[in-house]
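Sharing a structure here in structure tokens format.
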Amino acid sequence: MPAHLTREARATDAGATPGKNGAMRYRVECELGYEVLASGGAPFVFNIEAQRGPGQEVVEEELTLSQDLPFDRFTMPESGNRYFRVLAGRGGLTVRYRAVVDLAPRRAAPASVREMPVGRVPLEVLTHLYPSRYAESDLLQRFARREFGHLPPGHGRVAAVCNWLHDNIEYAAGSSDEHTSARDTLLQRRGVCRDFAHLAIAFCRALGIPARFVSAYAWRLSPPDFHAVVEAWLEGPEGGAWFLFDPTRKAAADGLVRIGVGRDAAEVAFCSPWGAAECGVPKVGIQALDRPGDAASTTEAVTVAAA
Amino acid sequence: MPAHLTREARATDAGATPGKNGAMRYRVECELGYEVLASGGAPFVFNIEAQRGPGQEVVEEELTLSQDLPFDRFTMPESGNRYFRVLAGRGGLTVRYRAVVDLAPRRAAPASVREMPVGRVPLEVLTHLYPSRYAESDLLQRFARREFGHLPPGHGRVAAVCNWLHDNIEYAAGSSDEHTSARDTLLQRRGVCRDFAHLAIAFCRALGIPARFVSAYAWRLSPPDFHAVVEAWLEGPEGGAWFLFDPTRKAAADGLVRIGVGRDAAEVAFCSPWGAAECGVPKVGIQALDRPGDAASTTEAVTVAAA
Amino acid sequence: MPAHLTREARATDAGATPGKNGAMRYRVECELGYEVLASGGAPFVFNIEAQRGPGQEVVEEELTLSQDLPFDRFTMPESGNRYFRVLAGRGGLTVRYRAVVDLAPRRAAPASVREMPVGRVPLEVLTHLYPSRYAESDLLQRFARREFGHLPPGHGRVAAVCNWLHDNIEYAAGSSDEHTSARDTLLQRRGVCRDFAHLAIAFCRALGIPARFVSAYAWRLSPPDFHAVVEAWLEGPEGGAWFLFDPTRKAAADGLVRIGVGRDAAEVAFCSPWGAAECGVPKVGIQALDRPGDAASTTEAVTVAAA
Amino acid sequence: MPAHLTREARATDAGATPGKNGAMRYRVECELGYEVLASGGAPFVFNIEAQRGPGQEVVEEELTLSQDLPFDRFTMPESGNRYFRVLAGRGGLTVRYRAVVDLAPRRAAPASVREMPVGRVPLEVLTHLYPSRYAESDLLQRFARREFGHLPPGHGRVAAVCNWLHDNIEYAAGSSDEHTSARDTLLQRRGVCRDFAHLAIAFCRALGIPARFVSAYAWRLSPPDFHAVVEAWLEGPEGGAWFLFDPTRKAAADGLVRIGVGRDAAEVAFCSPWGAAECGVPKVGIQALDRPGDAASTTEAVTVAAA
């Protein structure tokens, strides 16, 4: 009998209720299927649950496994990422997650959002200036300075980085793999959302702007899938915050239900199996239950996360 | 007049007193000199102070700057790394650190230290299985499995990784730079302590063993300098812990006063200046004030850090 | 009506006649199919015809194209490679080649084959000491010297390089692509014949032994396909010559009908289309019409080509 | 006593006589010094002598070695490169070369110089479409097509490639080493003449334009040194030819006395020592003995070499 891990469900009247206080309300869901081949089974680590925090409230959620399995959880303090691990036996494994999430992002006029001098960036944020596996900012220093060094610092410069990617990198499904990094993408001039995010992150760090990788459920992303976007640490009217950017232009910054944040994709895989397993294609969905306006993009600077 | 940041000094009779409870007592020190060229000055982030924790006690310490400068501190919760930032003005900057540290490492017979199955590794430790900038374990999967996959798992397998490095990689001062990563070292077959550590870490992760980079004051390291070694997450008689390894064989695992731990060198640079500056050669020292025995190496498995 | 380019056919009684003077006689054939998509057609350059030279005599051959097309030929003086170019129109293109070839390789006891000091290597051969696109010998100097530098120079050292590849690199169909080079193969520890050849070549050059890439019809290769092997410039009892090696151990050195030689695969592609085209799977065949003995391998040193 | 290898000197009245038929006359010279450390001596291969051919005539030349040494020569038929090899004994070795060379380049209006379709490029030239060690055109296909694919084909497109390099790559002495290749330069955005040439070559090949590396004595190069430029195969009013380009803009295309041509720098090193030796800084000089006009650059398309 399937295990229903519904302890997290906080409400039963989900979905229809509008988001409170002007928040936008989204329903998100995914279904992941695996065939575990390893005879002794295999541990799986998942990061598919929506983050909880000031600008993103999980109203209701339900996690279901197809087997009654040993299971443990961990919310990473420095990121808020919610990981769970399943010790799956041999055979089929299905994981389903459904949630209703309210987003109340802070918005600001882009011109009011500045870069923060390194001398004032909180020390716990500085780690996002360092190069990581898939965002080798140390190798792209001169490239970044030549292309973007002369631009006025601020939200507009990160937007310029994203615009450059849109103009110079072709979005091509299947054109990269799990080893592809920012330097590869810059040479090969094509990639998927993961690659766009890595290259934008590498450019930001090379410019002295802390940046990190965000996995998300993205409203109106077509075709539906997990999405990857970027957060850059900037200083808005209310102080330092992580501002959202999508260099693929496939999703609106205020239509992102954030799952995991990290240095790069290495840290926020939605599923890491540790043993032989066949993976099905993930089914991912997101609906706006209550969202003012219809635009899939926004000209505002958007932030959900503080340090 | 120089600023004496001596708030941390906990004792005045330092040094002569033997380590308590059989601990080994070391005096460590470093002096770092810079010439700041940027007209507006530059922020510097340092990570030179000894970690504080169960097996490593800071008995006394003193940090001195040559200028009275804006200064802030941060101890990273997930690592225990102690960072401080200085906003240096144009001109000379000297940083001095002196400490007396007691080490009381836990020791175990290597044969009693096992690998921990991924299904039981604490989720907060799992992040050290992911590839990082300078330890691209994803690229070295087959190499690692071919060389080390057939060996019996445990402390001995990590030791075998270190032995392989000793036998196959030439230690050559000046042979690498700040962009050199594990894959480069594996091809070029030479490097310095930083490179040895990165390659050992990459191999461990590729084998499913969490591993991280450690910067340290290393007793009897010749010539004296900051050292880089490796910690692998293994399971000793008292449970999971980070066990120390030095693939360069230049220092004893029980003679290491740990400074910073991280995914790789990107996270634990002893100094990161953010602006134009000339860096002098660091002066680094370590003396054993009280240490039983004279051997610069040990055949025991050694651990200081829990998760 | 198909064009029959049979001007090269030198005999009509082919096949049944035994090779003269103790030569081994082979029949080789290939059939290549393409669908040209470019509306204006596309030029194709082929290198599929057997080389002609002292130790390899083409007794009879026939080249057939499915269309009557503009066609030109070039035999590269420095390599003996026989290229032809076809200006194919839109639609289907089929190329068939059949030949009967006598091989009369020189053989020598491996122990009698020495390395030739660089000071005596003919200057026109020295070019094969330089690094090339897929055999980056400059990057593998230390690796090669560490693994093979201590071995006695000669045929046995090149054989040791090939043995190392056999023991350390997994042969895995589909595991590499047209961008894969020796350094990639060395890290990833798997590849196909092309990759084995590139890595062996890079090691030889790094050791000061001129080496080049050879494409060939290979007797008993399973499954049948174009094969890639290595020639190293060594000094046998009769002087300097290119000695054949197959680091995959899939074919006998005396069962190779050589097609193209070059610095690496970039120069001897069996087909280079310059325009949009779909490529079918090549059909390749080789039969021994007259071959003493049955062994698919040989312990002798084998050479066909002089400088 | 020094050996004077003056057999090549063809005239004694050199230098003062003006170039015939409107040719420009240059005096070139270099002096190279080495300290051979290998106890048994070491072979050296040099490529410092001016090419001989239709548009470049060597009027007079003299080659001098500081020792009377075993010596042999080779002119590579496919390139015209003139190599000589010296078996140097332990100790000092000095090589001096002086020549008077007449250049009679063909000139054409850039707009009259077209790209030649691959179907018509001579087959012996096609080899310069393949990727080579330092010009990995296979990796830069999309980059090249995105940046230059939309430009009208012809001399102007190669000039546009060179202009892009001038605008995007910083010329910085000492910023690269002998392992640096086009992909590195594209990421790091700086280099020396060798790197500019490699990247321009890689872009041309990726666009379907055969291109090769040229080492040269370059009039008015400052500081004086061996120079590296590019030849692209294009079709002028008189047919296909190799047209000269200098992406560094440091020398005029009609002020280049060509030494070696090849796939890339691997083939035309001015000196390759095979053994331990210390190399002094080469002294290189070039003077115009008879040159109409004073301009160090030209707006004409310039070619010296046919296929």
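By written order: A, B, C and D. Residues from 1 in each chain.
One rule holds in what follows: a contact is a pair of C-beta atoms (placed from the backbone, for glycine too) under 8 Å apart; a residue touches a chain by one contact, two chains touch by 3 or more.
Keep in mind that what you see is a predicted model, and the values were worked out from it rather than measured.
Colleague: Just to be sure I understand the contacts, which chains border both subunit D and subunit A?
Modeller: Expected: no chain.
Colleague: How many angstrom lie between the CA centroids of subunit C and subunit D, rounded to a whole number?
Modeller: Computed value for the inter-centroid distance: 31 Å.
Colleague: When the centre of a chain is set as the mean of its C-alpha atoms, what distance in Å lies between subunit B and subunit C?
Modeller: Those two chain centres are 50 Å apart.
Colleague: Report the inter-chain centroid distance for subunit B and subunit D in whole angstrom, where each centroid is the mean of the CA atoms.
Modeller: It comes to 49 Å between the two C-alpha centres.
Colleague: Could you check subunit B for residues that touch two or more other chains and list them?
Modeller: Residues 139 of subunit B touch two or more partner chains.
Colleague: Please list each pair of chains that are touching.
Modeller: According to the stated criterion, the contacting chain pairs are A-B, A-D, B-C, C-D.
Colleague: So in the complex, which bits of subunit D are touching subunit C?
Modeller: Contact set of subunit D toward subunit C: 43, 45, 70, 72-74, 76-78, 83, 85, 87, 117-119, 122-124, 126-127, 130-133, 136, 138-139, 178-179, 208, 263, 266-267, 274.
Colleague: If we count contacts the way the header does, which residues on subunit C are in touch with subunit B in the complex?
Modeller: 139-140, 142-143, 146, 168, 170, 183, 186-190
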